[in-house]
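Reviewing the structure listed below.
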Amino acid sequence: MSDDVVFPLLGVFLFGVGFAAFVGRRHLLWKIIAVNVMASGVSVLLLTLPRRAGEGVDPVPQAMVLTGIVVMVAATALALALAVRLAGLSPGDGRHRHTRE
Amino acid sequence: MSDILSPDVLLPAVVLVPLLGAAVAVASARAAAATAVITALLTAAIAVLLGRAVVAGGAVTHAAGAWGAPLGIEMHADGVAVLLLVVTAAIGICITVYATSYFRPIFEDEEDRGVRFFWPLWLLIWAALNAIFVATDLFNLYVCLELLTLPAVAMVALDGDREAVAAATRYLLLSIAGSLLFLLGVAIVYSGSGTLALAAIRESGMDARAAATALTLMTTGLAVKAALVPLHVWLPPAHAGAPAPGSAVLSGLVVKAAFIIVLRLWTEAFPGSLLAPGADLLGVLGAIAVLWGSLLALRQQRVKLVIAYSTVAQVGYLFLVFPLLLEAPGPAWSGTMYHLLSHALAKAALFLAAGAMLRAMGSDRLDDIAGVGQKLPMTFAAFGIAGLNLAGMPPSGGFIGKWLLLTAALSSGQWWWAVVIAIGSLLAAAYVLLVLRAAFLQPRARPLRHQPPWQLTAPALALALLSVVLGVWAEPPLLLLGATAPDLAP
Amino acid sequence: MAFDVALCVLVAGLALRLLTTRDLFEAVILFVSFGLALALVWVRIGAVDVALAEVALGAGVTGALLVNARRRLEQKAPEWLEAAHYRPAAAVLPALCGAFAGVAGLVALTAPRAVQPLAPRILERVPDAAATNPVTAVLLDFRAYDTLLEIGVLVAGITAVWALERGRPAVPPAATAEDEPVLAELVRWIVPLTVMTAIYLTWLGAYEPGGAFQAGALLAGAGVLMLASGFLRPYAPHSPVLRTVVAAGLFVFAAAALATVFAEGALLRYPAAGGYVWVLAIEAVLTVSIAAILAEFFVDVPSAPQQASGEQR
Amino acid sequence: MTAALLLATAIAWPVVLTAAFMVRRLRAAVVVLAPTLALPALALGFAGEPALELQVPGLFTSMRLGVDGIGRAFLLLTALLWTCAVWHTASYMRADPRRRAFTGFLLATGTGNIGLTLVQDTLSFYLFFALMTFAAYGLVVHTRTADALRAGRVYIVMAVLGEALILAGLFGITALATDATFAAVPDAFAVMTRPGLVATVLLLGFGVKAGLVPLHLWLPLAHPVAPTPASALLSGAMIKAGVLGWLRFVPAGEMSFSAAGITAMTLGITATLAAAVAGTLQRDVKTVLAYSSISQMGFVATGFGAALLVPTAAPLMVLAVAVYAVHHALAKAALFLAIPVAEGSRRPLMLVTAALPGLVLAGAPFTSGAMAKAALKSALGGETWPVPVDLLLSVAAVGTTLLIARYVSLLALAPARIPATGSNRGGQSSRELTVGLVAPWALLVALSVVGALWLPWVLAPLGELPLATQPAYVAGALWPVALGVVLAGGALLLRRRYPAWTVPSVPAGDVLAVVERAARTLHSVGAPLARIAPGHAAARGWYWLEARTGAGLDRAAAAYDRAAAGPALGAIMVILAVLLFLALR
Amino acid sequence: MNLIMASSWLPLLVLLSSLVPGLIIVFLEEERVQLRTALNITGAVAKIVFVALMLYGVTHGHTYAWSLPVMPGLRLNLVADPLALLFVALSAALWLVTTIYAIGYLEGSPNRSRFFAFFSLCVTATAGIALAGDLFTFIVFYEALTWATYPLVVHRGTPASVRAGRTYLAYTITGGTVLLVGIVWLYALTGTVTFVDGGFVEAAAGGAVTETRIIFGVLIAGLAVKAAIVPLHGWLPVAMVAPAPVSALLHAVAVVKAGAFGIVRILYSVYGVEYATLIGAAQVLAVAAGITIIYGSLRALAQDDLKKRLAYSTVSQVSYITLGVAIVGPVATLGGLVHLMHQGIMKITLFFCAGNLAEVHGVKKVSELAGAGRRMPFTMAAFTIAAFGMIGLPPTAGFISKLYLGIGAVQAEHTWIVGVLVVSSMLNAAYFLPIVYRAWFEDAPTGATMGEAPWKLLVPAAITAALSLGAGLFAAMPVSPLELARLIIQRRYGL
């Protein structure tokens, strides 16, 4: 098997297992990690799917992956912030900001 | 040096201006509000001018970096796009005005209601929306989606109570997953077609199976963001938990953006797929959404939740377009778009009105707003008018949309969709009545805590009236829509 | 060849492990190493830029963020840590999902490639672009519009985090140079180096692998180190300076875009002469902003609830 | 010209009076003027030459007024009776607290009654007929006693029934008539698909007013309870309106209406006999007269039925019916008005005078009664009947005689011994006889007797009637009367001889009780049926459904949300995607 | 010339004359009684003037049309043909009296601005329905009417009235939606919705008989709700909780009439009676109407609540209109059309009087009516006239309608309809005469309050009573409703 099958397979695997974990794990942080793994899988596929054996790598997917990574960092940061914030709040906390019954 | 008013300038400007505004709003907390107002006016002006240009001279295309597709990215503003831009602008101005007052602390225990974060977030959302409406490039759409999602999530969490934060978290994670599904689709498309431009994909002679896979992944991913039943669970708490102006923009526009992308994919990139039963599947899901959403809306106890569930239902209407589009292209297309536009206006109006009620009455529980009709006539009028729009009552854009959709369903012999539409509008009337009724009851001896200033009443009313204008003065927009109906030759 | 396979197995194994383990700390550590291993994959493929980015951002920053988040959770909601309830029994549905994703991917994998791929067409136009490194050319010229919006995403992210954290007092420094001598010493050496490297990367980006994001990440790393070692006192989250620095990248980039629209009639179409300067300028500003943003991500992890609620009451 | 003016006045004056009565300030004056109600009409009756026409375009459905042969006869009798009765009322009612109200109803009723004799088109006829019918209710229930109200109820129910039937007939005619005039009625019948049906409907419709058995139920109840002048008018004038209705609406002689004819005759003959029997057994003098009216109308019905049946005999019959109507009107009115007079004085002379019109009714020789009977018989004689009609009629005449006898005997009894009924006696056992009380009665007696003796000579040439002086007819007319007198005498002697014997009595309104029971049953069955409301049931069903399913819906939604928080949502997402994928390829 | 110049605007003016006051009143404070009254009366009078102008023009062969493009191919068409005028004249005339009545009735009660605002909107919608030149315009105003009426029904704000409002909307909105579906379906089938005398369906889609049958059913089902045809009449008696002027409006001027008028339009201008009969639809409709007539009367018999009894009487009476137009032939149509007006003026009188009784003496039940004639003679006189009209006694308006209906039935050889009419007349008598009897022939209970209603409440009743008498008594006069209806018939059948 040639490398233009191996890496895509890796991508598929990463995406699959990431998705599975995203669905399966209740813990927020794991969900967050899981989407990152999914993202890695997509990146691998983005880079390796279009590419034929022997050719150099296509710059366009590279750029896309770069962008993707940055976006994922931002998203991860926000997700973590939310998770931690959530951990800090007890049910009904802050409700009084909102309405008063 | 090119003319400032040439569409070739206006088109990128409609995205760049709110982006710049956002940057400024981030930089200086003090100038944020002023910046937002100015940006809003500018953006609106640009949108209108662009609209005029398109009406006059036809669709406009702008090639970023002058590379042109497929090398670079193109922006494209056709009739639909400018209508979306203009309606967004209208809602945008109203929301901006509204927000200048909404976040003002009125209770002793309220200190910082996060307005200075609201401004940049809101402007970023606006930029993202405009960008999506004019986008023609798959990956560009992905970035736009993310640019839309992050601020939207922050919006939800802005009021900071636990329910809101939990909803925001759920919303974020689900839509990241959705985005990744979308991105996977993009990867497949790119490798299969060697291009990212929607129009080009169509001609690329891409392998059918790969195309199907890609479309599946992308549609599913977007279905999450568009809160299509059964993937709607995140929407009601999120939209009900956000501060009113946030809810307005989320329910009115953000959800629609995802749908627009789906529609673009199916009509521009993969028109062949409309032949497949997949279109009917989406239709069925839409139908379920209409019924399920409406029924649940009927069961809610809080005004904002009622409205949020109604969004679930109204999104369902939009997805009815897929089974109808081939049989009756004209009415189906115009009808759906028209429904989208008028619903955007109405839904924004509803949330703004609900927010005003909430601030004034201190609660938006149905039992607590008895007599709101007498206490807040303007707000209530706005709510009523917008509500009737949801129910598709004339004269309102909703009615026109309903009429066209019914025409599509019945002229294509698919009467069952007509039945769904009819029942849906009945249920809509029912849950609107749920709120209206409360207003006519004799008021409780519960004094207003706060007489809302004009900033809280006028925008809602304005939007509601706009949705009526859309119903009376429907010919020009419809002609515009009809002119830009997609050609679906596979 | 064999190496590739081995590498892939390693990466896959790491992923599997870090997603199924019960111990959050382990998961985080494994995630960082997973990132590094992935970087090797990128190198193997020949995507050096991506490799750099992966190390700096994917592994570095994200890892740091995870560590930080875990620490905060430890402080405020320890129950969350052993709440890592993962029952293999419940793995049926996930497995189904994974399988689906796999199938979808395989379908895509077995599908024929594009008749006329984009790469050649891009590569032949790179000379006309404002940067000789194809990737940078795509990032900052062909698809500069995406990059602009991407900066927007970063700004959105940080604003969102701030919005969540409003009312939080400045984080007291985790440590000071006095009580961490070793770290302090380390910092004295590393920080200048990183800064140099960052500048170099930024400048290099135009020709060779490298660029604003990687550089920004490095700078951010340096910043984080200094914060950790108490060399740097964190800014109050909403101090004008910080906000200006954060916004600068987006502002300059967008302004440049608007300017080019007026001047050149197309969004981010650089003047024929000195397009390279534009790119460098933009990259420079971006680097700083990105660094600030990433650092803020790191710093601005939520405070303890009692403080927060104390603030609210 | 003057005639036209007179015509206009004849109808306008009552209207004016009635309208004026509505105004509280004029009321007193109107009550004084009331007796002049029918004077213009009376004048017209004497003056107006036949076939005088006058059209009022804008009014109603362009009303047509006029006087023709038949109309004139009825106009005369109506006007006469009304003049006398209203005149009589003034003094009869002196002590009555509700005197004014009574006058009001009297005026309205009079307007209707006079109007219907003057109009020449079906719709206007119906208009005035209805006015008369409903206004007369006020006369019937005047005393407000339980009996009066019951009588009123029965009257109004029957009246509504009648009106409805007439309305149906009216539709039938007007739909096919070129215009609304009576002249157009025959042509309408000519083109009708089912003329028999229409004729029967009309026969019954007007039959209610004309006391046609079995639609007579209201008569025996209404007469006793109504103030005497009202009774006189009911029996004298108003039931004749029914007869006029027959003559106007059903073109006897144009064609043969076998069904209607046979119905009319059968019912008529039954009435003549049965009513006589039932009446003789009554205890209240007015009830007796009521039954006598029924039986008399039986004669008319028989005649009219014959006319319907035998077109050739029609002209004669119509004439006979007209004659009968006139003389019965006068006689019956006289008999009624005698009652209050009798309350004043019961001297034999008075009783004899009072009995005279009775003899006329019974058809004593040389009277119009005899002549009318003769006319009937001769017309019937032309045909062969399954039953011996003329014999039956003679027997009926015996009955009539007995009725009169009963009337006189009851009249002779002291008021105290007359079983108390609702009939208004102003609470006093005897009245002082004023001119206003006696004169109208006397006048009517005179008219009826004179008329009875004079009419035959006038009319004989018109319809080449056999003169009632011919021996055969004299005999034919004499024996029933004689027999009747004898029987009555016998009865009187028996009563003297064996006081213990009690005469069996028939309840006033004989079969009414049965009908009422039937009606009650019908209602008890119908009421629940009427309560079914399907539409509302549907609405209620929806609310029920909502109440029942609402909670379930909430639970389902909550459950789904919970599941979606876990792996389920991902699974759903996947299933969705798989479906979509399968659906797309 | 001037008239012709203005002519195309007249239909719009008719709408604006009530819309503008309504919109102004919305923003009026409660206290501005004078101004509000002035606005109301001015609007009402103006409307009557405009209608009169059009009436003059139409009787002289001029047709007024105004239209506004809404969708490609669909316009908001206001056309004043004789049929439209028949209805718009009715609503205009009755609006004035009802306004006067309402002003008197609501004196001093809360939320009057809201009330009169929606009151005006309600009439605007009615005028729109009347003047609608096509089904699209029709449904627009038809739905608008539904919602404009709701606040009036729930005006009192009591739980009971809110419940009633809910029922009202549940029925009418469902009806409206069904109607909409029908209209769109017809549009999809024929490609036109514009009214044509004698109908356009046969010409456009005569081929698809089954489909046109179904559509007819859908359309009528939709309209039957407002027209209160059994079994879709349930909302009408429930809506009784509304204030008297509202009931008057519902029953005589606006809602119920809108439904009936819609049915007339469908039969007269969309399908054409002939075609409807050809496909057997008209007969079914006629039977339904017949059943409704009898059923309504039977239910009315059982009601002790005066307004409920009147409501059921409406259920029965309004179906006369349907019945009339469902029978082929000019005279029957004439009867139906003229009853459209007659029923209006008679029923509104009854409700005015019922309102007076309730308002002045708190009398709400038939059983409490004893001696009402003595207590408020003029009111009861008006009531009696109207009641006789309902029974169909000459010379009232009711007789005229009934007469022409009967004649039409006979001419069309539907003898059973004659039966229906006769039976219903008797039933009408059976539930109206007891009222009249109690009022006039029974003595008021001791200690009963005496006294006539204030003039604001009395005059309207008097006027309408006079009308319902005059319309019959002078039916042959050129200005009478009958003659106006005849004009329509002549247009249609070229008599």
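Per-chain residue numbering starts at 1, and chain names A, B, C, D and E are given in the order in which the chains are listed.
Assume a residue touches a chain if its C-beta (ideal position, glycine included) is under 8 Å from a C-beta of that chain, and two chains touch if they have at least 3 such contacts.
What you see is a predicted model; the values in this text were computed from it and never measured.
The chains in contact with chain A and with chain B alike are C, D.
Chains A-C form the pair with the most C-beta pairs in contact. In this view the innermost chain, defined by its CA centroid being closest to the centroid of all protein CA atoms, is E.
The mean-CA centres of chain A and chain E are about 66 angstrom from one another, to the nearest whole unit. Chain centres here are Cα means. That of chain C falls 107 Å from that of chain D. Annotation: 72 Å between the Cα-based centres of chain C and chain E. Chain D and chain E, compared by their mean Cα positions, are separated by 37 Å.
Annotation for chain B: residues touching 2 or more other chains are 109, 139, 143, 146, 150, 153-154, 157, 160, 165, 177, 184, 187-188, 190-191, 194, 196, 209, 213, 216-217. Those residues of chain D in touch with two or more other chains are numbered 566-567, 569-571, 573, 577, 581. For chain C, residues touching at least two other chains, in rising order: 90, 93-94, 97, 100-101, 104-105, 108, 113-114, 117-118, 122, 142-143, 146, 150, 153, 156-157, 160, 164, 312.
A list of each chain pair in contact follows: A-B, A-C, A-D, B-C, B-D, B-E, C-D, D-E. The residues of chain C lying in touch with chain A in their complex are 1, 4-5, 8, 11-12, 15-16, 18-20, 24, 27-28, 31, 34-35, 38, 41-42, 44-47, 49-50, 53-54, 57-58, 61-62, 65-66, 68-70, 72-73, 76-77, 80, 83-86, 90-91, 93-95, 97-102, 105-106, 108-109, 113-114, 117-119, 122-123, 126, 134-135, 137-139, 142-143, 146-147, 150, 153-154, 156-158, 160-161, 164-165, 213, 294, 297, 300-305, 308-309, 312. The touching residues of chain D, when paired with chain E in their complex, are 57-62, 123, 126-127, 130-131, 134, 138, 141, 144, 152, 156, 160-161, 163-165, 167-168, 170-172, 174-176, 193, 526-527, 529-531, 533-536, 538-539, 542.
Within the complex, the chain D residues that touch chain A are 566-567, 569-571. Chain A contributes residues 2-3, 5-21, 23-27, 29-30, 32-34, 36-37, 40, 43-45, 47-52, 55-60, 62-67, 69-78, 80-85, 87-90, 93-94, 97 to its touches with chain C in the complex.
Interface residues of chain A, counted against chain D in their complex, comprise 19, 22-24, 26.
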